[in-house]
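Labels A, B, C and D are assigned to the chains in the order they are written; within every chain, residues are numbered from 1.
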Amino acid sequence: MGQDVVSSGDYVLVVLDEKRKWLVKVKEGEALHTHKGVVDLGSLIGMPYGCTIRSSRGEEFFVVRPTLADFAVKAKRATQIIYPKDLGFILMNLAVGRGSRVVEAGTGSGVLTGVLASWVMPEGRVYSYEVREEFLKVAKKNLERMGVAEYVELKNKDVTEGIEEDNVDAVVLDMATPWLVVDHAYMALKAGRVMASFSPTIEQVQKTVFEMEKVGFIDVRTYECLLREIIVKEGRTRPESFMVGHTGYVTFGRKVVRAL
Amino acid sequence: MGQDVVSSGDYVLVVLDEKRKWLVKVKEGEALHTHKGVVDLGSLIGMPYGCTIRSSRGEEFFVVRPTLADFAVKAKRATQIIYPKDLGFILMNLAVGRGSRVVEAGTGSGVLTGVLASWVMPEGRVYSYEVREEFLKVAKKNLERMGVAEYVELKNKDVTEGIEEDNVDAVVLDMATPWLVVDHAYMALKAGRVMASFSPTIEQVQKTVFEMEKVGFIDVRTYECLLREIIVKEGRTRPESFMVGHTGYVTFGRKVVRAL
Amino acid sequence: MGQDVVSSGDYVLVVLDEKRKWLVKVKEGEALHTHKGVVDLGSLIGMPYGCTIRSSRGEEFFVVRPTLADFAVKAKRATQIIYPKDLGFILMNLAVGRGSRVVEAGTGSGVLTGVLASWVMPEGRVYSYEVREEFLKVAKKNLERMGVAEYVELKNKDVTEGIEEDNVDAVVLDMATPWLVVDHAYMALKAGRVMASFSPTIEQVQKTVFEMEKVGFIDVRTYECLLREIIVKEGRTRPESFMVGHTGYVTFGRKVVRAL
Amino acid sequence: MGQDVVSSGDYVLVVLDEKRKWLVKVKEGEALHTHKGVVDLGSLIGMPYGCTIRSSRGEEFFVVRPTLADFAVKAKRATQIIYPKDLGFILMNLAVGRGSRVVEAGTGSGVLTGVLASWVMPEGRVYSYEVREEFLKVAKKNLERMGVAEYVELKNKDVTEGIEEDNVDAVVLDMATPWLVVDHAYMALKAGRVMASFSPTIEQVQKTVFEMEKVGFIDVRTYECLLREIIVKEGRTRPESFMVGHTGYVTFGRKVVRAL
């Protein structure tokens, strides 16, 4: 169980409480500066996961394994990220598994990329298109943190001009103009598989759905997912007062080849 | 790409439209009987995924790869199943990946079991506890459909009496009395990892949260996830009129070992 | 307190339990037929409100005062009705009160009409436009049940051709093409007051909002309201499993007269 | 139509845009100070409602009639206020109208008090109980703004010790311990009428519901209402990113007198 001891280079989640958590890289000589004092990250090397550590001000912090949700929420952001509620729902609705080959566009901050890679690794691959080079730098960093960079091929190309892969197991779009890629997605996808598109606005959804229906996708469905935290306290249990009201809509469709 | 031709024994999704879909096993001599005619399942053998097939009444059906969401929604049901929105969200919040060892209780219909197995396979294992033998039969069937039965150890044991595994990467509870297992979960779990509990009622959540806080879990949080379909039609776009209002609450907590 | 004895001609709510309630007119010789036996409505005359009555099969029913919500939910329906959650929210956002004059279109089943009339009566008036004569018959019946028919002027006219009233305190639209009436609404409305529009689809909302902004309404805002019942039972408290996912969007705007 | 000219002493809503609105009293010599300049409130006297006015910095503001929702949202706050979505929904579910007598507790900031008074005025009355004298001062101010102070009897008394009125048409509770007043509410209420209770936490709801069922209320139901704004913009229509996730639950029940 050697992997449960913190090693130099590990990304760990340092937790003060439900609201204050930091995703940091463990390294000799590095420190995490908080309003509750400084945490010496080098001193974590060799300590077991789940341990407690005191800051310079004597405050107790916890050191735990980050989840995919932690990597998502704490990602360096080039763009709006997709939230865990949507990430998980997308995964459940794709016809992919270990070893699958997936095309994604755009890469953005690389959060969805990393989740897809975690799912198809190690034999599978994610081919991720992004026109903005500066986003690819951020995405690369996030993929390294998640430990899945080697399963991703980042492509600094304009996906509206075409998808170079074919026979892929899924196409996932998270970009401003998904409707411009629907036709390419249809061509690249294996018959019988799913494409997904994530968009914040209803106009994007409409254009994408109409295009998907036009090129022949079936079972085209759009969803929104609302997540609400419930504060559970003795005698004072209630939903949180403020919540995220909207992230985006997710649309799914399946490629079929109609009989002549 | 041989896997994209339908083989005897494959579970395929036969789609008429958004509302009418069947998850069936392809086999010589078997047929799917619908109000739109009979579909000869044997004739699918050797056909490509994504193909269309005519029923005895000439109606067009589509044959596609099932997703995990399809397996969940179309599962044989021994109990209430967990919906894809919750399944995906749970996965994102566990600290597991390929090769992880996960304890689950109860098995129920085996849907969550199968999703966990899909995530940790092939090196990982899911140890799933269930006291009701008749549920295990249903679960076994669903796991076979999902193609992950070999990665699951079904245990006809009462998890409230203890968890036999230790040093596991996650414990996931979906049972009537999760609070009775929180202590066992804490013992079985590796430090730094996550336990999750899914419960329909607020009283279950309260008892479980208070017990989790008592035995030392930190970062204990509870969520509910609402999924709504959006009907996207030219000039008539709107959310669906009726939706699922509640499935259950999901609670997460992390095991830490406090310094003496 | 004479009004608390049931009189012939009263509309009362007969309640068996949370799910089974009937809105009926009390009259000598009339009866309510239920699967739990027959309730003699004539026998209620002279009985106090809140009393219990036995059906022919000895089952206990309760007789109570209907609320506006009861009148809405139990209305005879010519069209989709507006639900209490939306009715109340609309009222709160209009600048009207006792004595106000309100224009409404279309009348539909007359539920919103009746609620508006209940609010502005007895000095105020609701002018309600409806092109389909058969709807006006249903609306008239519902307004009589609610006891507010005398405060409403039902107009069998096409409101898209113009609003005959002017200087009104509110205009409320619940029709298929509200955007065609926005200009008339602006003309009819007193400066400084509110118009409201209720529409099921997002395209209706978009056209209406853009038209409202064009003709000069300010503070144009659109909302949706989701209502969920919570089942409160000892040890089994939870939101209802199925809920209404969508009724419609409500848009508000205020008329101002811009300085030249 | 003299009421549509702004008079000294009027409460008006000054609107800059959807997000920036002020509820102010018009008075010679008074001014509204904003980051967009100073608005001379005295200069509004004699101007028509719906007019525009320039601030000292030349910015255009609009002057409109406040709605009940405006009075609620802009109320001086002694406590958490009840939101318009909940206010309207409560009104729809009470069996009250012009002339009704209503008991309320606690008064709090007086927002619900004022809405109830607006509904039952001028013949009706609201009897509002509040133990904290400082809250009554705030409530009095808000009721004066709403123009309904004369229809309300503010009572600096502890409602858990009893309700002095009887034969009232509704009892509405918005207090920390509503279950302690359920029995008094039952006594004070006319048979066949409704009591309502608004509470933020699920434990308050549970205690209140169980007490209501115990003392004999029927048709006891609890709801939560979620309001979400939809941002309607050309090509960018979408729900707001952040929303109020919870205000409180509303419980209703009807008083009946069971046959011996």
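Methods note: a contact is a pair of C-beta atoms (placed from the backbone, for glycine too) under 8 Å apart; a residue touches a chain by one contact, two chains touch by 3 or more.
Remember, it's a predicted structure, so these values are computed and weren't measured experimentally.
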* Where subunit A and subunit D overlap in contact partners, by chain label -> none
* Asked: How far is the middle of subunit C from the middle of subunit D, if each middle is the mean of its Cα atoms, in Å?
  -> 20
* Asked: Centre to centre, by mean C-alpha position, how many angstrom separate subunit B and subunit D?
  -> 46
* Residues of subunit D engaged with two or more neighbouring chains -> 202, 224, 228-229, 237, 239
* Asked: So what shape is it, when you link every pair of chains that touch: line, ring, star, complete or other?
  -> ring
* Of all residues in subunit C, which touch subunit B in the complex? -> 200-203, 224, 228-229, 235-247
* Structure fact -> So, in the complex, the side of subunit C touching subunit D is made of residues 1, 4, 15, 17-18, 21, 48-52, 54, 60, 62-69, 72, 84-85, 87-95, 97-98, 115, 118-119, 121-122, 167, 190-194, 202, 205-206, 209-210, 218-232, 234, 237, 239, 249, 251, 254-259
